[in-house]
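Chain IDs A, B, C and D follow the sequence of writing; residue 1 opens each chain.
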Amino acid sequence: MAGTQQTDVVISKGRFEAFSDGVFAIAITLLVLELHPPDLTIPTNATLVSALLAMWPEFLVYWGSFATIGIIWFNHYALFHNARRITYAALITNLLLLSFVCFIPFTTLLIAREGLIPVATAFYGLVLLLMSACFNVLFYVMMLTPGERGSFLGFLRKRNLWNSLGPAVYAGGSLLAFASPLASILLFAAMAVFYLLPGTVKGTLDATGGSSTST
Amino acid sequence: MAGTQQTDVVISKGRFEAFSDGVFAIAITLLVLELHPPDLTIPTNATLVSALLAMWPEFLVYWGSFATIGIIWFNHYALFHNARRITYAALITNLLLLSFVCFIPFTTLLIAREGLIPVATAFYGLVLLLMSACFNVLFYVMMLTPGERGSFLGFLRKRNLWNSLGPAVYAGGSLLAFASPLASILLFAAMAVFYLLPGTVKGTLDATGGSSTST
Amino acid sequence: MAGTQQTDVVISKGRFEAFSDGVFAIAITLLVLELHPPDLTIPTNATLVSALLAMWPEFLVYWGSFATIGIIWFNHYALFHNARRITYAALITNLLLLSFVCFIPFTTLLIAREGLIPVATAFYGLVLLLMSACFNVLFYVMMLTPGERGSFLGFLRKRNLWNSLGPAVYAGGSLLAFASPLASILLFAAMAVFYLLPGTVKGTLDATGGSSTST
Amino acid sequence: MAGTQQTDVVISKGRFEAFSDGVFAIAITLLVLELHPPDLTIPTNATLVSALLAMWPEFLVYWGSFATIGIIWFNHYALFHNARRITYAALITNLLLLSFVCFIPFTTLLIAREGLIPVATAFYGLVLLLMSACFNVLFYVMMLTPGERGSFLGFLRKRNLWNSLGPAVYAGGSLLAFASPLASILLFAAMAVFYLLPGTVKGTLDATGGSSTST
């Protein structure tokens, strides 16, 4: 219920969830627009099969980005679930968070277009880094009471550790891209899968009180 | 009310429906983006008419895909209608289901671009197969009580048989594509029309309790 | 309250409005994607001004289509406002209606691409004709009681006459396109403006009971 | 509560917010579709870095437009928050407002495509001018009682002055574009940032009663 203990309450949350849900839903659906069927002069079964197989990196980033936006949406849901009102800080942080979420289709297309080269992959990771950083700030302003805000350790204790580590992992993955883009993209995909594991999901719900029975 | 008998209840459903509705609505609307007006050097009535008539396969897959997403949305509505909470398994399965729904505009464009060749049509059917498989799993985890889950026959008995047959029909249609892509695509369209028939709709509502009066 | 007097009630309306709103909102927003800035080799103020001025037919169809989707959405709102449940017939008709609404961005692009030639304009009108025909059927199944359904005159009396005339006007406009595409497109735009007039809006609300105070 | 003092009440607001939220969410998400990854013949780290750096004006307008749509959405939220019903004038003004909001991705692409030349920037500002003008009219019809409507000074006093100045600033920025497009675009971005400042947000909430506790 920490979300309701904000002192500088300004805005009620109904339309903020609706607007955010819309943006998440559109961003996740736009990912498919970045997938372009191969342009074959004479499409045959053989050429099309090989062309589709050659698209595996694009399919990998499609499901990787889909899982990433899906899980950040779920975290957003858990964070807003018990909040009654949105503070000014949360309003601004949420808008910034959404601007990075909406940016993911671009970085996804960047990899699909340019291939798995270091800079494209690092740029992809940079946006994930900024997105998860915004999310941690959003958690900070929405879930912590003014009293708790002082100590960073208290922040880590209250927050389920894994999500706090998100920015660190995304930063590391971005650097890793210059050694091996494929290893980097697999790390990002693994991070999404990890966030989808029962334990992490439960941890998120416990940290935010999202598993409460109120609807 | 089976949806409320889940033991590992974790999440309340409000935003899950909103998010899913958004994804369904966007995926179904994006289909039109795959339709490109003919690029005519000198557009005349004659050339445009023949060009539009030549687009009949694209129009067929547009309405076929529209009906398919429309009916899967309706099944999704019926399934979630009486559910009070979303379990972890339902959360993951729902995300996976949506990732295949969002993929349909791509496979639709694939056929529009490459024409009705076997591989393109089979790939189109493969995504429908995975989508309907996900839906059956979603039904399994949301509608069956732990007690009922044991017997597969009990599953078929509880589930209205037709929807359970979906994966089988889509698998068969994908294989049929290598014999006759047109027959295959007509089978997929027929399946969508079939799911829109009063009997099937009523069967779905009965199986899910979706026709209950609660809103 | 006629909407609640349906005998074959099957579905509650909450998510049907949400899904339909999503489709309307996306279709109306996709219109702008059909507007492509001029591709100028050396963009200068002079060349850009003339290029933008040359786009006037595209801007005209953009606002024309925007007003058309906007007003059909409003009619949809008024129709569903007092309905408590959705019948099977309404479910199917609504899906078909949405498939034509989603098709408008394509016909809008068709005119933008091919120019105001008869066939493109007539095709644009044909889709409006099918859309407004679906809407009248939807009104018929949702607002009329089984008793009222018999007489077509009773239908016209209950329905505010103007909306019933929609199909006729769109059919006439489609034929007019072969004489003068510009006159035809102006008629479609005028129809949208007409539907936005206070009298027509009030008539729609009265016919559907949409101005009731229930939310 | 002025929103509820309208005399010519016609429509309840639920779906108007949902529809508007959808349009805002889609328009803000479509902005990313205007960002096209550089088309590099042989993508290397060096060429990609320089190509991405060269895209800075596009990234600037992306976040500028994102902030602009985000803040106009927030103002829309605040304005509708306490309104119980939508008058005819508000219905029409809202549709017109949305048509300009949806137009922003086009003007954003125009600058991205043609570069920061005066006409493109002025056209970008013109749409912002029309959008903020519509918003002020919407505020006028929704928040002022018939009694208050007479005096323009009373309008300015009731309305938080800053938002009323929006049209003036956007008009000035459009003219400024002919002297310096960059200064003009920075002014538009600054305006968005300014509207996101705590004081302005609070002013908007006070002017509309949006910070009330009702949800």
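The rule is simple: a residue touches a chain if its C-beta (ideal position, glycine included) is under 8 Å from a C-beta of that chain, and two chains touch if they have at least 3 such contacts.
Just so we're clear, the structure is a prediction, and the values are computed from it rather than from any experiment.
The chain with its Cα centre farthest from the Cα centre of chain B is D.
Taking shared numbers over all numbers used, the chain B to chain C interface scores under half, which places it in the different class.
Annotation: 37 Å between the Cα-based centres of chain B and chain D. Annotation: 26 Å between the Cα-based centres of chain C and chain D. Of all residues in chain A, those touching 2 or more other chains are 18, 21-22, 25-26, 30, 33, listed in ascending order.
Within the complex, the chain C residues that touch chain B are 10-16, 18-19, 21-23, 25-27, 30, 33, 88, 91-92, 95, 98-99, 102-103, 105-106, 109-110, 113-115, 117-120, 123.
In the complex of the two chains, the chain A residues touching chain B come out as 17-18, 21-22, 24-26, 28-33, 35, 37, 39-40, 43-45, 48-49, 52, 62-63, 66-67, 70, 73-74, 77, 81, 196, 198, 201-202, 205, 210-211, 213-215.
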